[in-house]
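Next come two complexes, and both contain chain A; in the first it sits with chain B, in the second with chain C.
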Partner chain A sequence: MDTRTDIPAVELDGVTKEFADFTAVYELNLAIGENTFFALLGPSGCGKTTTLRMIGGFEDPTTGVIRLHGEDVTGQKPYQRPVNTVFQSYALFPHLTIFENVAFGLRRRGVEDAEVKRRVNEMLELVQLTPFIKRKPKQLSGGQQQRVALARALVNHPRVLLLDEPLGALDLKLRKEMQIELKRIQQEVGITFIHVTHDQEEAMTMADVIAVMHQGRIERMGEPTEIYEDPRTAFVAGFLGASNMMSVTVVDRGSGAVALNGGTRLHIDPSKLDGGDGTVRVGVRPEKLRIYPIDEVSLPPNVLQGTVTDASFIGVSTHYLVEADHIGEIAVVAQNLDDHHHRPGDPVKVGWLPQHCFVVA
Partner chain B sequence: MTVELAPPPPGRSAAADRAETRRRRVPYLLLAPGLVWLFIFYVIPLFQLLRMALTTGNLQAGYVFDWVWENFTQVFTTYQPQLLRSLVFALATTMITLLIAYPLAYAIAFRGGRYQSLFLLLLLMPLLFPFLMRTLAWRIILADQGVVVQTLQNIGLLPSNGRLLATGWAVVAGLVYNFLPFMALPIYVSLEKIDNRLIEAANDLYSTPFTAFRKVTLPLSMPGVISGSLLTMIPAAGDYVNVELLGNPQQAMMGNVVQNKFLNIIDYPAAAAISFTLMVAIVILVLVYVRSVGTEDLVA
Partner chain C sequence: MRRSRSGWVLPAYMWLVLIYLFLPVFVVIAFSFNDINRGFNVVWQGFTIRHWLDPFRVPDIVESLGTSLVIAFLSAAVATVLGTLIALALVRYRFRGRSTTNVFLFLPMATPEVVLGSSLLALFITLRVATGFWTIVIAHILFNISYAVVTVRARITGFDRHLEEAAMDLYSDEWNTFRRVTLPMILPGVLAAFMLGFALSFDDFIITNFNSGTVQTWPMYVWGASRRGIPPQVNVWATAIFILTTVAMFVNLRIQGRRAARSADV
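Moving on, here comes the complex of A and B:
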């Protein structure tokens, strides 16, 4: 995006948050670019909310500096920051109408009445809530309340919008719709969204950049495809989807040749081998594997031999479990392209390309 | 049980209708005991009170019901000062109690931390001692030779011969003291219910702590303020013990008149008329108060 500047919209510099008996966020360094849809992804309790609350000004970091568009805001109160939040449980004001909920921020900043009216109506139109303007929050469904919370924050034109699991309370179908909706709104208003979620699919769907958090630290950060294809740690690999992990010994670092326990040679992208020496752990995602009849001759460079133990056909694909020598069970997701349906007990070959392997620390 | 495979008949079955009727009857059946209670112990006595107010006669000669309205007119003539004093004292008591109780309840709810229950217990502790004893204690506190009067005299807030006991101040002080828990408790309950995230949301939307209080906390605590006010204002308007123990006849309230008529003079018709009028006056006072304090934004 050409509107991005060099100064990050949000910058965390060595931010640590200690509670009485617990360090929730540890030495966090983070720079989020302008107009980015940024997802903070991690399991429950890893410190996502705490990080978000520090950016919003609801918690002060124990150490470290927080900058918004280059300006140090550490220690500033929430109402002094050009940031708005969509809270986990929406936190709509129960005593105010939908209109007044959305108008709340504008009124506090002394925007004149006609302008408040215009902007609130415009925003309610954007989130398709115009018919509910006079209702109280309790009279709306979960999805509608969620959109009020979004409108209430966005109407202020914040430079950064913080969203704490905003879709967590919605059912699956609505969640999928809102994911697309949120992404559309973000592109329309063109501001930085920091979206906290524990749902990796949600993060992948919406985010330009994902940071995977684990026990108060960011383990991996990058574009969705980049971190999915090369997760770098076992935790990230597992959190972002299924993968087959195996221990191998490096045979030739230059060509990327490695060997399994039983001696079987495999090949991986040599650039991924940089740090590792001796024994390394490599992984490959189930959908990257192809399954072949045992007598197949045109095979990719990496091949394992084994026996099908389970095959489940689920329409778009077939999920196989193959008991391979020296490794154990490996999962294969095969697209239903050809007529080969392998049954449990069939001897098969499983193959993949070297570039589809990743190495984890 | 058999399984019905045929489509349901058009319209509703007789069984469904019966079930529906039964379902509609349930709320009335549940209400019935309460309604009977209210009728026997509230509506009938109220009616009797009104009837008594319209009779003449005395205990020895018996009472004759003959639609005399004099008992009512004397309330507004002879006892007008007492009636007004009752309402003014009740209103003053409510205001002062509110001013003390709100910050108190706020502090317990938001700053009490893990000592909340202890503070609540302390707040309610006086109620464990008899009402009469607590009120009598105020005679000692406000006594002419007591610390309070002496101090006020020393700093010049009270003339050197000034006193507190047997004044309207003492009566109001006693009322405020006695009703404080009844004001503070409902306010505490409504404040305690407020989700802290609402206040954070207000802060997020450019409210300073004070604005957040004015726009979120205060409106959300209004139900507590109103119920606390009612629990204070209504009994305060009918109170007579505080005047008896802390005031003098010059501060007599309607309650004292009623007590006197019922128990000393044994003039039941007058006592009934005064009681009835006082009740109506309190209802009007309460309605005016609730309308001026409460807004349509009130939430349950």
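Moving on, here comes the complex of A and C:
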């Protein structure tokens, strides 16, 4: 998606947010394209919610400019901005019925009664809550309240929808369902969603683009596969899933040859070695590793030897821990394709392909 | 076995407490039917509904009752508005003098009424303000504010701030947010503050007595009358107020009960 030629839906330009005793967001530059499902991902305290609140108008940036579709909205009140928010706590009005909750925004904008009725009913149908129209929020389950909050925001046809950890309070099964549901709705209504979450699986399931935030900065931004396969920093690598990290010395940059402490040669994609000199940190994801019997002869270019210290069978896969020479314990996730199971104490070989290695700063 | 042996203790205790609480009230009610004309209404002379048929017989009673009701309404209304705003500020904002305000708010509740009343009188004299109706109102607003703040603040604490942000997000400016979301949410607290203030003002004697000038409130009339014999019409009015309050309370309970039942009916 090319956001350089089109005007981005949301644009943050050098945005910093300082609170009394700490800086929540530091010099943030960000452009989010039209109709994108965008996820702001990071641990608690990384500044993702503050960023969202600044876009919504609930916090003013200390410095910097926020634009919505090219228009400078910095300093505008929330009610002046063409965005709507789904709050983490849902923030449904407890004294109003479901219908009046959803109608709230339309009524404030002076939409006439018949039109309010039509649009609210249409929206409640979209989120499958028509039978609950006369109830109060407290009489609904968590998942239903969540959908009311979504309907209450979407009924206003915002150009950007902000979602602050909207699935955090739901149980796992419902969360999975709502992830698919949210993605479906986003594609149906075709507006920009900005979704704040600390759950990397949730972000990867739904988002077109993910920005991983850490200590007030965006560490890595891109499509889910891109940032998962090449996280570039140790923090992103760790946050987006498990990985085996090792320090290597560059032997030949042209061919991508590197050496471990004990002298074992490994090979990595030379294009990933740019700038890295002397010692670099490389990583490889557990599911990229394959585990072989010690006498296996047909092996990939990168091979380590070791001893199985732990094997746990979890159905779809088996998780091994292998104590490898010069590295320590490495994790391997093996698909249960054959019935060859390695037991703790077995000597094994672990191998992988050069392109599955990534280099972190 | 244990149950039957000790089964009568708790009910007996309960009845003793109830009798202790209500005996004075029943005496007041009973003596509104006492067949006397003048003097001290303390010895039972026989049953009559004469006084109930003629409650306006003593003009001072009616006038002082009216004065008290107006003062109670005014002071409770003003104190509730001010108290609600103060409570909102105290819960929502961090500002200079916030903790000092908290301390000062407790002072009128902690200070003995005699001290508060006499100090106020001293202040009015110093400022050369003639005491009367409005000085009573001012004095009652003074102590009502404290109770209003405490009552409303209890309601605001634990109020999800995101509700107001949600209203702002849905195109409500500050005033609309207050009117459509904040006020409806804290309304039970606000109404409670008003009723509490009304009762406290209506009931007050000590502070009023210092600052009333020539105006006579209902408690002051009763106090004065008690020295030469309280007319049975006072009992009539007191009984009427008691019944009215009790009925209002039961209606309120019924409404709340029905509302709770409706909420539970999912």
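The rule is short, and it goes like this: the second predicted complex is superposed on the first by the 356 of 361 C-alpha atoms of A that agree within 3 Å, B and C clash if a C-alpha of one lies under 4 Å from a C-alpha of the other, contacts with A are read in each partner's own complex, and residues count from 1 in each chain.
Operating definition for what follows: a residue touches a chain if its C-beta (ideal position, glycine included) is under 8 Å from a C-beta of that chain, and two chains touch if they have at least 3 such contacts.
Quick caveat: nothing in here was measured; it's all calculated off a predicted structure.
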item: Clash-or-fit label for the pair chain B, chain C on chain A; value: clash
item: A:89 touches, of chain B and chain C: first, second, both or neither?; value: both
item: Partner chain in contact with A:58 - chain B first, chain C second, else both or neither; value: both
item: Touching partner for A:265 - first (chain B), second (chain C), both, neither; value: neither
item: First (chain B), second (chain C), both or neither touched by A:139; value: second
item: Contact residues of chain A, present in both the chain B and the chain C interface; value: 56-58, 77-79, 83-85, 87, 89, 91-95, 104-105, 108-109, 136, 152-153, 156
item: Parts of chain A lying in touch with chain B, wherever the complex brings them together; value: 56-58, 77-79, 83-85, 87, 89, 91-96, 104-105, 108-109, 136, 152-153, 156
item: Chain B to chain A touching residues, read off their complex; value: 195, 197-198, 200-208, 211, 215-216, 219-220, 297-299
item: Interfacial residue positions of chain A with respect to chain C in the complex; value: 56-58, 77-79, 83-85, 87-89, 91-95, 104-105, 108-109, 135-136, 138-139, 152-153, 156
item: Parts of chain C lying in touch with chain A, wherever the complex brings them together; value: 160, 162-163, 165-173, 176, 180-181, 184-185, 263, 266
